[in-house]
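In the two assemblies presented below, chain A is common to both, partnered first by chain B and then by chain C.
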Partner chain A sequence: MVDFHNRLTLAQLDADGALEEALVAATGSTRTQFLRSAALGSAALLTGLSDSATASPGPRQDTAILNYALAFEYLQAGFYTEAESLGTIRAMDAERERWARTLGAHERAHVRILKDVLGRRAAARPFFDYRGITEDPTTFTRTAVAMEDLTVALLGGQAPRVANQGLRSAFFSLLTVEARHATWARRIVGVAPVAEAFDSPKTIAQVDRVIRSTRFRVSRPKSEGRGSPRFTG
Partner chain B sequence: MRSFARGPGWIAFAVFSTLAAVSVWAALTGRLGGNTDAAPPVDRRSAVAEAALPDPVPPAFVPPKPEALSGLDHVSFWSPVRRSIPVRVRANQNAAVIARLSTRTPEGTRNLVLILDRRRDARGTLWVRARFPSERNDAVGWVPRAALGGYGVVSTHLVVDVAKLTATLYRNGKRIFEAQVGVGMSENPTPTGEFYIRNKLTKYANAFYGPVAFGTSARSPTLTDWPAGGFVGIHGTNRPDLLPGRISHGCIRLRNTDILVLERLMPVGTPLTIV
Partner chain C sequence: MIEIVLDGGSRRHVLLGGLVVGAALAGLLTALGRPAAAQAPSPEQDERILNFLLNLEYLQSAFYAEADSPGTLDGELAAFARVVGKHEQRHVERLKRLLGDGANPAPELDLEDVTSDEDAFLEAAIVLEETGASAYIGQAPNLTVEGVTAVAPLVSVEARHAAWILAIAGRNPAPAPADPAATVAGVQSAFERAGLVPPSG
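== the complex of A and B ==
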């Protein structure tokens, strides 16, 4: 039985070390610093989600799960879109280019449908700082592997908790596609396409810890103010 | 002792064994009677079990067809300045410094730069070629990527024509807005060149600037000692009767109804061309 309350270390989550390696390179922190920050833990990105077994299934929890999935899809879609917009993907070989463009298009489609389903309850798109990772083909592809693996772990953990049958069915369809993404990404970077014989789901707290350790999600820069203009007039 | 293999008993055993093996093979493969197209026997227990299982639950949603990115030719990137940093003439730690970027604008918002290019130096450090606020036309230089924050993306572009006295906004290369403007008078001209929108101010109490004012990276070439650096703004006015015309100290003035429309359409970070 999976122990949902067991706190995993990043090393366990990131079996191949792809995420860790890419992020250490990007953030400049040492391996020890990075692992420490990754193990610290933090509050979930969105309120309303709980890993507690006593959390009550229902429409409210379904909305929270959908919104968390949307937040994660924002992160992924932004990752691929930025790499493509900056020309990083165009600079890769044909096989990798096709892979990255395909996954980017899929993630953007996932964002669109989750926003449509949530309507006015959809969370706003956060601001991301990928810290140069989208600007280097090597760090980009290796981080993509870790990101896709993490998506599978997230959906594997949340899909069974969705109360609405139709939503749950859709979540499983997303899950299988994300699993194919992960396998394709692993093949692209030359690591084992399937790491284990059994995929263990991750809790929201576990997923959130990894996301926060990346520092990809940042505050939107304050570009609007209410101060009196001091322009030349 | 008599050998079993040499007698009639051995022949009978061999024939019986062969027939038995052929029968088993035929039963397993459905080739009994030489009819190779015959359907395999139905396992009725399996069919009963299948009938008892429900159909798959229809998914509550199906994502739309994935679409490739488009319009990248009209996309621009901007980035906030995370820490005060010198701007260098080349992507090299030892290159000459041509300016210093602050993290804040005079209005207290986050300082932004427009991203033009990227390059790694010999040490592997990623550098960004950026347009930055300056009194010089087309002021660009190199800063380390690590000094900047995440990239914001815009697909808009504002063009102000000081001869025609118009402001035109494009999105994905298509014109979506145009208005008459007031620009700098001859002694305080509006600078021409390539700039960008640096911030947006609202809800201030100063009718002179109208309801909305955009800060730009352009600076007046003449009012260099103006408070806060003499930056050129794009804003509304309490004197719409003067528009269009050459009536300002370098700022670009629009009627209040027009600036409110522009507020909806033009995000911060939009490139600005003044011709």
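== the complex of A and C ==
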């Protein structure tokens, strides 16, 4: 039975170190280590974009925001795709499998949509290393909850910064889908499906701090052995 | 001039003059090249839109308050009605605060039929939450930056409600990679079809 009074928010996940817990299990890195790495540099991890560097609304800022959203969708799409190719999703129960496959398909569609919108302005796909989290159904699902809630915070924060009015509507259309993903995931893991009356938008700097803490973003491809069960170690 | 009736009759009609119905949906693929909404955003237009959204929240809030009578719902459905009802009430309060003196008063609504049993409640709740999310999406291009900032924390919560009720109903909580936008007229007719508001004639 779902416990509707158990409120699990992204902030709590962070505070409890759930993401980090999974990371420690996967990589052996400690909180101190990842905080130190988080303190390095101020440019946004995914694209080199920061809120202050793109302070004036207009087509250039729209492109920068779209590219940040694209990098984030790449991060998500890669996460589900890897779990699928490793067989992690196939091993889950029917509802979780349907959930994970649907989310993977949606995040890949979001990548295609944003790439189409950006055209030649689309930034290249970043490299990711999910550090073994996609191999374990439990850490995979918990991390997915945190990532979906984080995307809601990202898109909710960026929609008002988009100058193009049509794009604002498009951002809302994606934002609401990420919110559905998050609620579906929360119900599956047994926490409050809708914890708050209002979602709390985050700045790119805030989102980036979380991404940085995961160390999912790497500077070069992690391995050649596609399909091999071990990604870390 | 678009007329929307969310108050259960002819007592009060909410006039949304100047809201551009056809311009609300932005094609995702052509979003960058799309011209701005035909009617440029302005504080006056924000007020009309926020009042439209306030009416929607009044309807949602009243629906869950009506459904809260003991015996109709139990289990997860009862929890849903309780939790979501509180959220909608807080949405009403926030929109009223934003609108200040310009806020519409709460309409009188007749929601007895749509909350009479579990099946009726479930179907009506799905329409309310799905249409709610789409109504917000549809107004995104018509709002000022301040307006979009104000409603962004609400639109995703409407979608969360929709996903939750769909999951309870055993349906796909996230049926598409991008959610549809609804025009004011679309919202009105969806609510009419669901028996949530009387036909406007």
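The criterion applied here is as follows: the second predicted complex is superposed on the first by the 174 of 233 C-alpha atoms of A that agree within 3 Å, B and C clash if a C-alpha of one lies under 4 Å from a C-alpha of the other, contacts with A are read in each partner's own complex, and residues count from 1 in each chain.
Here is the rule we go by: a residue touches a chain if its C-beta (ideal position, glycine included) is under 8 Å from a C-beta of that chain, and two chains touch if they have at least 3 such contacts.
Here the structure is a predicted model, which means the values were calculated and not measured.
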| item | value |
| --- | --- |
| Partner chain in contact with A:Thr138 - chain B first, chain C second, else both or neither | neither |
| Chain B versus chain C as contact partner of A:Tyr130, first or second or both or neither | first |
| Touched partner set for A:Thr176, first chain B, second chain C, both or neither | second |
| Partner chain in contact with A:Gly166 - chain B first, chain C second, else both or neither | both |
| Partner chain(s) touched by A:Arg187 [first = chain B, second = chain C, both, neither] | second |
| Which of chain B and chain C A:His106 touches, first, second, both or neither | both |
| Partner chain(s) touched by A:Ser200 [first = chain B, second = chain C, both, neither] | second |
| First, second, both or neither for A:Val117, with chain B first and chain C second | both |
| On chain A, the residue positions that both chain B and chain C contact, one per complex | 102, 105-106, 109-110, 113, 116-117, 164-170, 173-174 |
| Chain B residues within the chain A interface of the complex | 56-69, 72, 75, 77, 80, 106-110, 112, 118, 126, 145-146, 149-153, 184, 188, 198-206, 208-209, 213, 215, 220, 223, 226-228, 230-233, 235, 248-251, 268-269 |
| Chain A residues touching chain B - in the complex, by the definition given at the top | 28, 81-82, 84-86, 101-102, 104-106, 108-110, 112-113, 116-117, 127-132, 135-136, 164-170, 173-174, 218, 221-233 |
| Chain A contact footprint on chain C (complex, rising order) | 24-32, 34-37, 41, 76, 79, 83-84, 86-87, 90-91, 94, 133, 136-138, 140-143, 145, 148-149, 152-164, 167, 172-174, 176-181 |
| Touching residues on chain A, where the partner in the complex is chain C | 2, 4, 57, 62, 102-103, 105-106, 109-110, 113, 116-119, 152, 155-157, 159-160, 164-184, 187, 192-194, 196-201 |
